[in-house]
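Before I ask anything, let me first share the structure, which is written out below as structure tokens.
Note that the chains are named A, B, C, D, E and F in the order they appear, and that numbering of residues resets to 1 at the start of each chain.
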Amino acid sequence: MELDLKALWLTTGIANFGIGELFMILVGAVLLYLAIARRFEPLLLVPIGFGAILSNVPVAGMAGPEGLLGYIYHVGIETGVFPMLIFLGLGALTDFGALIANPRTLLLGAAAQFGIFVTLLGALLLNYLPGFDFSLQDAAAIGIIGGADGPTAIFLSSRLSPELMGAIAVAAYSYMALVPIIQPPIMKALIPAHERKVVMEQLREVTPLEKILFPLMVLLVTALFLPAALPLIGMITFGNLLRESGVVDRLSKTAQNELINIVTIFLGLGVGSKLQAESFLTVETIGILLLGVFAFSIGTASGVLMGRIMHKVTGGKVNPLIGAAGVSAVPMAARVVNKVGLENNPHNFLLMHAMGPNVAGVLGSAVAAGLLLALLGGGG
Amino acid sequence: MSLAEQLLAGLELTLTGMVTVFILLSFMVLAIGWMSKLAHRLAPPSRSAPMGARSKSDTAEDKEIVAAISAAIHRFRSARG
Amino acid sequence: MELDLKALWLTTGIANFGIGELFMILVGAVLLYLAIARRFEPLLLVPIGFGAILSNVPVAGMAGPEGLLGYIYHVGIETGVFPMLIFLGLGALTDFGALIANPRTLLLGAAAQFGIFVTLLGALLLNYLPGFDFSLQDAAAIGIIGGADGPTAIFLSSRLSPELMGAIAVAAYSYMALVPIIQPPIMKALIPAHERKVVMEQLREVTPLEKILFPLMVLLVTALFLPAALPLIGMITFGNLLRESGVVDRLSKTAQNELINIVTIFLGLGVGSKLQAESFLTVETIGILLLGVFAFSIGTASGVLMGRIMHKVTGGKVNPLIGAAGVSAVPMAARVVNKVGLENNPHNFLLMHAMGPNVAGVLGSAVAAGLLLALLGGGG
Amino acid sequence: MSLAEQLLAGLELTLTGMVTVFILLSFMVLAIGWMSKLAHRLAPPSRSAPMGARSKSDTAEDKEIVAAISAAIHRFRSARG
Amino acid sequence: MELDLKALWLTTGIANFGIGELFMILVGAVLLYLAIARRFEPLLLVPIGFGAILSNVPVAGMAGPEGLLGYIYHVGIETGVFPMLIFLGLGALTDFGALIANPRTLLLGAAAQFGIFVTLLGALLLNYLPGFDFSLQDAAAIGIIGGADGPTAIFLSSRLSPELMGAIAVAAYSYMALVPIIQPPIMKALIPAHERKVVMEQLREVTPLEKILFPLMVLLVTALFLPAALPLIGMITFGNLLRESGVVDRLSKTAQNELINIVTIFLGLGVGSKLQAESFLTVETIGILLLGVFAFSIGTASGVLMGRIMHKVTGGKVNPLIGAAGVSAVPMAARVVNKVGLENNPHNFLLMHAMGPNVAGVLGSAVAAGLLLALLGGGG
Amino acid sequence: MSLAEQLLAGLELTLTGMVTVFILLSFMVLAIGWMSKLAHRLAPPSRSAPMGARSKSDTAEDKEIVAAISAAIHRFRSARG
């Protein structure tokens, strides 16, 4: 019986827990707290937080090659399939009408991607500090946090820097939730009050045919100029065509409900499997988390400055606030724009105007991800 | 690759990246513009505007219906309680 | 920087597009046009058309071994799993009541399969022309277009002739959509007007127990006589039992909604991956598209002639028009029968009577596919 | 295999195929017939017919309900507009 | 043509059926009968029964390495993924409020697991008979039938004794359906009438925060003491957190509907693939089926006796009947308790009180499975 | 392993198993108790009880609504038929 008791003891968690695993379980619990009590992107952070806990229980091996989370990671994230399916669902969920009515707001979505590249540079600068040794690929994956788009960040880091995915995903989703805190001071600092009060003219109606042709147009331009962005752009435009074509409603409904929900559960658990102590508890993670705030701030600033340029060029028709929505973080950033706009003029509803740059930001960061993949994907 | 070389490569990447993103999205701006013109020629918005209008009034109608039903329930409830 | 610009240029689509890929993208666009503007089987042709576009963008490699469409094809089509799951869903969606009430209409579904074999012979005859070199397997896969049943065609061609699947699926779904144009002239040419006016007596009520036993009976007969047809017949009867048993409604609802929808999206994309320029743009594709019309016409004709025989044998109780529904193409063919019937007698609603041969056609072509698989599946 | 041999094999296949399909589906015709008889003996259709009837009248009832609701809405709307 | 006819004959089922396969098809039909006509756990027994039929048709190879059922088994059952996803769905479906309000009922769920171990010993005793040669692993997998929880039984047997899974799953689901017949006599024999009449005081309200913390607490205790139980406990608590957190309703709804439905269909078919004649038609299967009844009876008895102890300890506040619900078989066993309670006192509704031990039984058998896995999983 | 040894191992397993299950679930009993106290301190049940009450009365309200609608339909139907 003695031997048996020892064997039994060795099967307990207590006998096998390290301090790192305990700490990571605490991290998982904090993520759950933020998701549930503070409503930080709960759709992703609940599964990620729970996945982080499961992954760090010793003996269980949930994130190992024969564990559920390990299988999920292998099948759906290593292959890039889950982020692509999320994009399919997002396409089916998104109304691009505001962007079609005012296509120039795409430039705001372009400008906000500056945050990606500045963060990339920031990561490379960190290499001058001891303990940091980011490759160009790592830096690019970290930079994409500035894209403020979760699935894009997961997709790119699964291709370029899988071992950093945990920190990158946590940073991306956490800061997306912090958009209402990070953005307003930057917006107010960079835009004079009178420009913030600009009332924009109402958006024109968009015809159904325009909505059908839009995804095909976006697909075509991407195919011609940056096919490496196709995995994400192709899926979001496919989902959007399902939505707008009007002839396959049952497929569109499934893509925007059950399919995206199932994939979201699995994506979150799979990402959680990358929050294992040994790979997450490094000084690099701290660097990534710091760079993340930076990334969002730069993205917001460059979007806002582009907004001011458009304000000038259009002779004052554009309220520069909507530039802040260019970081994506749909629809949070657009709501922040609306709120700040109302603070400056209680009758100025900018929500619809901000939706244009907001969805443009999604396209913009998918394009940036494609570019980084094209230039860095084949090796060093 | 030394850190300096790496940083240089990063700067190059930044330049290339931002230029590409702007070119690509500018093309999309143009392409969407053309597309809208084409779409308006193929199916003039006048045709779709009333449709939009109709769908709006549908929504309005729906709201009326909901209002009617909730009014009925309200009356019922105030009669009761 | 020079080097970089060249690298950048090489990542664009423009630098890599061949004429074949451009043409195939046009083919994809045409399929989307037919699906959306002309409502040609949109549930399948929207995903297939979009998949065709995605597959033909160079550099992106969407249909390659590490691309989403490649994965889908490998996991779901190469294995035959997706067509089987579609059959599961079809079983859960189909009410076989009309067939149970009048089982003799199964013979109409049998006769219409003649189109399959004549097309098979037609494909072999094409071999006498230069540029054609169809094997018996290829010919069988082409012949199944005459079965007028998309998933059956995809299933059989995935087993016998994967490289022709693109053309076969496109032909099958396109011609199914053309049934209202292809069938009526044949029906009118082969049936004298007075026979077309026959009013059939109302179908008897079918009891719930009959509906429960029906799928089991079909399964049993198939198992005894042609087990090779079981992958398809087994799944359609399973789905139908879920539906009719009345005790597993939640499974039945899921099979006929979310499950079939998800699989349809993936099946379409996966088939689209077989519309790559190099394998699709061949003279054989032209041959297949031509044989397809032929296949439907022969199937319609043989169904109609069997209908005339049944008309004679039953002493005029059967309206031969319903024979045309034997080609499957559910429920399109049955609707065409109804429409032609109404043209000849405005009070003669043949819809329910045509549903019998219509679903019989599905069983018939699944049986034919099983037979071809049994005799040709093991090699040549 | 020469083209002629292939064609011959195809003809054989056609013959085998159509015969098999007909035999199998004929068996099904018989089997379904037996099955129906068996089913009617186990659960006579009289038992299920009223069930069918009931479900029909249910549908009729549903239609009445829908009619009632739309009538109410219609009255409300005409009173309003 | 002669050769062809022989080839054709060899493709028929008739030429290939053995007596074993025919018998197993009959077994499948009986399972379908029980499921449809007698409502024996139809959600699982319809797919299992149908899968049993499909697996035993010769030539078709549905359960073989290239057949649909073979794929399903390989992907979802061999890996343990499907039972875990079922637990995810169960967690999202289950309200643990009754257990939180009265946590001591967990001990009833603990006691009822005695059935598992006695059955394990029973299986080992059978080895004294000729024809039986159960390993410890086999015996443990058989014992888990006493857990009265289908997915747990499938999970454990997939790890410890895959070749017995067919018989174990059939026994588990069949006896779960027989709970209303097996339990009442045991309950009446072991509890004096006056104890059966005890009216329990109403359960207190449970706050939302308690419901959120509950799954995390269960997860924590399991992680600390028996991480080997995490695959099941981790998933049921995850599903429950999705449900109770209140911030991810769309994920919770999907987990408790489409996801669990899809997985149920596949799980059933996959288990059915283990009902092939060669592995099922053994004397061992008979032993397993006999041990199954035994397992349920012992589990019920030990739960009830624990109930009597709690009755004494609490000074008569606990009605020992609710101990019978400790076997799990949710919610059947709790309903049986309610019914027997009403027989003894027409105003005594025990349903909610029985839900506590009932869901505790699920946790209890998952814990027992984890322990058996920990001690026997690495070999013999 | 002889049958007797196997049986002994089985008995050991039974003992270990039942003890473990009881210990673990007893811990859970305690843990749930602590958790409830903690939860009640963080969010007193008074706050949640009225919520429960409100949700109950919501249900009651729903029932009233359903009752109102079915009454209306019933009246309509009896007026008709």
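Throughout what follows, contacts are C-beta pairs under 8 Å (C-beta built on N, C-alpha and C of every residue); 3 or more make two chains touch, one makes a residue touch a chain.
Just so you know, these numbers come straight off a predicted model, no measurement behind them.
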Work out the mean Cα position per chain and let me know which chain is farthest from subunit E.
-> B
Rotating subunit B onto its identical copy subunit F by a Cα superposition takes an angle, to the nearest 5 degrees, of 120
Given over half shared residue numbers means same and under half means different, the subunit A/subunit E interface is different
Express in whole angstrom the distance between the two chain centres, defined as the mean CA positions of subunit A and subunit C.
-> 41
List the centre-to-centre spacing of subunit D and subunit F in whole Å, with centres computed as mean CA coordinates.
-> 43
Chain centres from averaged Cα atoms put subunit D and subunit E apart, in whole Å, by 37
Spell out, as numbers or ranges, the residues of subunit D touching 2 or more other chains.
-> 16, 20, 72
Residues within subunit C bordering two or more other chains = 8, 225-226, 258, 371, 375
Okay, in this complex, where on subunit B does subunit A touch?
-> 1, 3, 6-7, 9-11, 13-14, 16-18, 20-29, 31-33, 35-36, 38-40, 42-43, 45, 47-49, 51-52
Note: in the complex, subunit C contacts subunit D through residues 99-100, 103-104, 106-107, 109-111, 113-114, 116-118, 120-121, 124-125, 127-128, 136, 139-140, 205, 207-210, 213-214, 217-218, 220-222, 225-226, 360, 363-364, 367-368, 371-372, 375-376
Residue ranges of subunit E in contact with subunit A within the complex | 79-81, 84, 88, 212, 216, 219, 223-228, 230-231, 234-235, 238, 241-242, 245-248, 250-251, 253-255, 258-259, 371, 374-375
Within their complex, state which residues of subunit E touch subunit C.
-> 7-8, 11-14, 16-17, 25, 29, 32, 35-36, 39, 42-43, 46-47, 50, 53-54, 57-60, 62, 66-68, 71, 257-258, 261-262, 264-265, 269
